[in-house]
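Chain naming follows the written order as A, B, C and D, and within any one chain the residues start at number 1.
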Amino acid sequence: MGDTAFRSRRRLVLGVAASDAHAVANRLIHLMLVQQGFRPHNLGVCTPLAEFADAAADLDAAAVIVGSVNGHAVEDLRGLPDLRRMGRLRCPVVFGGRPSIDAAGHPAARARLRDLGVDHVLDRPEELPAVLDSILSAALTHA
Amino acid sequence: MRELIDLDRAQRRRLPDWSEIVDRLRSSTRDTAVAVLRRGGGRPALQPRCGVGGHPEMLALLRALDRAGAPDLLSVTIDSHTRLRHFATADRARRENPGQLNGYPLVAHGWERGRALVDAVGVPLQVRHGSPDGRDLFAVSLAAGITSFEGGGIGYNIPYAKDVPLAESLRAWQQVDAVTAALAGHGVVLERELFGSLTAVLVPPSLSLAMTLLEALLAAEQGVRCVSVSYPQSGEVHQDVAALRAIRSVAARYLPADMTVFTVLHEFMGVFPADRGWAEALVHYGGLVGRIGAADKVITKTRQEAHGIPTAAANAEGLRLARAACSPLLDFIRLNEDRVTEEQAWIETEVAALVEPVLNRAPTLAAGICAAFADGTLDIPFSASVHAHAAVVPLRDPTGAVRYHSPGALPLPRAALDRQRGLLNQRTGRITEKILADINYFAAREPWAAEPEEATA
Amino acid sequence: MRELIDLDRAQRRRLPDWSEIVDRLRSSTRDTAVAVLRRGGGRPALQPRCGVGGHPEMLALLRALDRAGAPDLLSVTIDSHTRLRHFATADRARRENPGQLNGYPLVAHGWERGRALVDAVGVPLQVRHGSPDGRDLFAVSLAAGITSFEGGGIGYNIPYAKDVPLAESLRAWQQVDAVTAALAGHGVVLERELFGSLTAVLVPPSLSLAMTLLEALLAAEQGVRCVSVSYPQSGEVHQDVAALRAIRSVAARYLPADMTVFTVLHEFMGVFPADRGWAEALVHYGGLVGRIGAADKVITKTRQEAHGIPTAAANAEGLRLARAACSPLLDFIRLNEDRVTEEQAWIETEVAALVEPVLNRAPTLAAGICAAFADGTLDIPFSASVHAHAAVVPLRDPTGAVRYHSPGALPLPRAALDRQRGLLNQRTGRITEKILADINYFAAREPWAAEPEEATA
Amino acid sequence: MGDTAFRSRRRLVLGVAASDAHAVANRLIHLMLVQQGFRPHNLGVCTPLAEFADAAADLDAAAVIVGSVNGHAVEDLRGLPDLRRMGRLRCPVVFGGRPSIDAAGHPAARARLRDLGVDHVLDRPEELPAVLDSILSAALTHA
């Protein structure tokens, strides 16, 4: 697996989007990240984007990880451009889960999420470590 | 009646007079949801979940299901924003992009459109949501003439919100119950269904029953004399039939003698198989379990559950699969009754152990419930809310029945825990792997017959 | 091999060389029908009936079913003209108005097109027809590379023709069997399925089994060592499971020890309910009975059975309903085994009484069968053919099981008849009314949930 | 029910069309007609139209009743105009059963049967007595 000590150098903010109460994936992903040496701070379900931003600022987090499976990701992340503009959310934003309410809507929703400024749009938790590693190592290099 | 319930001011302004609402409900010649359940007919009433954002689309969906699925009741499933009282967001979304909503924003569409939904179909509607505080939604539902409303202060808080104090949600739902009771005084008996599915993933039956029993007692305090108690299919038939029967025995023991209790089975609420063959078999199996367990109602799932909000056609097919399972042609099916009896006795014991300490606690039942959640003697697995400890760890035993691997602080009797540990000890492996495997109990099966999804569509 | 079978001269001219036919069958890497049955998998293989007149339409139908219904085998159901060797009529009809044919005229379309059918789908095909003399059809099927052929000298004559002497149909089918045996010698084992459904309306199980047993013995005489024995669901589950089990016990008793016997359940073959809910329940029930009775294969019906030749979509839905019934999720289902055992013993007794006199008769088995039909000691109800007395009158007992009200001249044991009369005496009413009611046993049920047919289409 | 003695004054020819082996309805209808005082001669299943014509001529039948449920009625009755033209089939022809292979095809098939010269196209056996009574009484009046 190589040296993963750098994973614990910066905090990560984890949570579920504002309108979404699905807790199971969030709990499991939290567990997985801890087991793999990351240091996630879990805001849990139904978390407005502004709370992600505040927590990221407070903890000087390397990334914000927003989960959503209820189909409302685009709506729940619509405030992202404003937060970016106001400088309230500076670190990379990773999205994971179901981007839309059905399979047919996923491609368009993924594109919308990227337009909103989401840096990584993932489907499966297994994709997360590699993406976080790249974010963390970039952050540590530039720091 | 207006004084029984605190509503959002804007909402109150938009609603018709209470007297008009009550008169309309009283004088309606349509079947109420309770009338459908009372009529029975020797098999469970069938009801799908369904809700889309646009109003014309919702009308079309209800009509399509009514026609093609022959349901006994239909749902108005509410979108997530409305559930959480983000009424403004729901309103903007339904204007700008209704097709992206995961349910029907009834409050934003308003009660007049709700009436159009009621008038669109031949069967009664139920509002299904997940609002810790569903008062405004309730008022709009009544104004629309909808005679069935799901929810309760525990089951619509802990799985559905992060940080709504239990005392708040219980108070909100006490008001809903008070209005329900007052309406019954006017001759309008609503279906008040209590959501026993909780977080829907590996919920031990006694935990589901304990929570709905407490909600039923809270409703009874407000004068409600008719409730539906729902229970989520675990997937092990003897356990599920035992749980459905236990709803009745537990109700007989703890609830007022004059209280009518309907039993509702939720077809499997956990992670569904993506494979169409397995999904269809599971939808059918749910109907069969409901029927063997003599449920008054079964809420059906669809073969698209793992894939997204279902199409009307897939939803109708789910209804029809469940209907085939309820056919009198299957009257011959027998279970191992000894196993069912044994399970039922344990469920009753566990429910008593969970509920009785709460009943004997604190000044009020509501306060007792809050205190019990605070110290973890009431708790659920995978809680969405910070107001439950989420220290309970469930697992499946080798037969597939859901057991307490760890009870957290739940005051379960030693004998019950020993029995469950004995059953669970037959399994080997790491605990996190076992939990994952159990979450995916049905989803992880080998394809039943490989073929593309939507081939018939 | 050519010398084993007499073919229509025109037909023979059009066919490829026998050696080419055999080589192609031998070298094919596709699953044969028997391979699919051998593979088993703990649940019945599922197969729909399907056949339309036009060739492109037939290709499309097979592909649609293969995709949407996930069958284990597919059928090429042959049109009525071809069945009766009205090849010229079939040929004109398929050219002028193929959409009006009730099946696929394989002889008229020719073996090259038959190969296209085989190549179109991933599962093996079976030719299902009803030809008293199916020799030409058989030859074309083989040339097409089709590895399963249904029929027999009794079951494809008496229900399917007015006036073909039994001796003729038996001789034709002996030739089919001889070729089948010769092919097995070349390593190509065909599925030779015997049609036990007869006239399909109120057929007593022992009568069905007696006829297929005689056909299996005729096939064995020609060297065939692998047959499928089909039985039509009566609708009473204990009787049906008993009958399926009796196929095996009777085969073990009378057939060569080295003969493989697959059991096939025909989903209810009588008058189907027009009501969609009942029809769906019955289609599902058939799958369930097949699975409980451990049938190797189930031939599925559709919810449109009462209405006409089904659409591909409805046919696929029928397959999926039967599949849901075969799910491992239903492994828990138990029957009253005592009832099944008792039924099975009686069926075995009756089959012995019907078959043994024929075995001990006349110079050859075929001659014995002809003589027995001539004097009515073999007979079927509602015979289409003048070569059966049709003196048997069946009725349903109060449980729905099919019994002999009058055995005609069938040599059934006194004890068996007394038992059945005892059961039937519990019913009152005029005999013609009772027969009508029993013919419409499933069709006459109250609508299960009223709604327009084709609502989902 | 009135006087139905006239029902036995003339024979009727009953049967099922040439390609159709469905026997049950035919047997039941035969029984019904006999019980109601008619005198049907039943040719049974799979009966070519020419045989109906010959039997009708032999028996001086008042009507020919052709059943078909297998969907091939139009094809099986396509020889009717020729038989009429040749004077081999003079009495009224009654058709009963399923005119086509599916419900969608029934209206067109009914029209085709009438074009071919079928006098009455029926669905249900219960319609038969009234139609036969009218045919028989007309025949007896004109006789």
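Criterion: contacts are C-beta pairs under 8 Å (C-beta built on N, C-alpha and C of every residue); 3 or more make two chains touch, one makes a residue touch a chain.
Because the structure is a prediction, the values reported are computed rather than measured.
Touching subunit A and subunit B together: no chain.
Computed from the mean C-alpha positions, the centre of subunit C lies at a distance of 31 Å from the centre of subunit D. As a whole-number value, the distance joining the C-alpha centres of subunit B and subunit D reads 60 Å. With centres taken as mean Cα positions, subunit C sits 46 Å from subunit B. If you sketch which chains touch which, the chains link end to end in a single open path, with no loop closing it. In summary, the structure contains touching chain pairs A-B, B-C, C-D. Listing the residues of subunit D that touch subunit C in their complex gives 18-24, 27-28, 31, 44-47, 70-72, 74-75, 98, 100-105, 109. Touching subunit A in their complex are the following residues of subunit B: 79-81, 83-84, 86, 89, 93, 97, 100-102, 130, 159-163, 199, 201, 304, 307-309, 382-384, 386, 390, 432, 436, 439. Contact residues of subunit C toward subunit B in the complex are 67-68, 70, 237-238, 277-278, 280-285, 288, 313, 316-317, 320-321, 323-325, 327, 329-330, 332-336, 448-452, 455-456.
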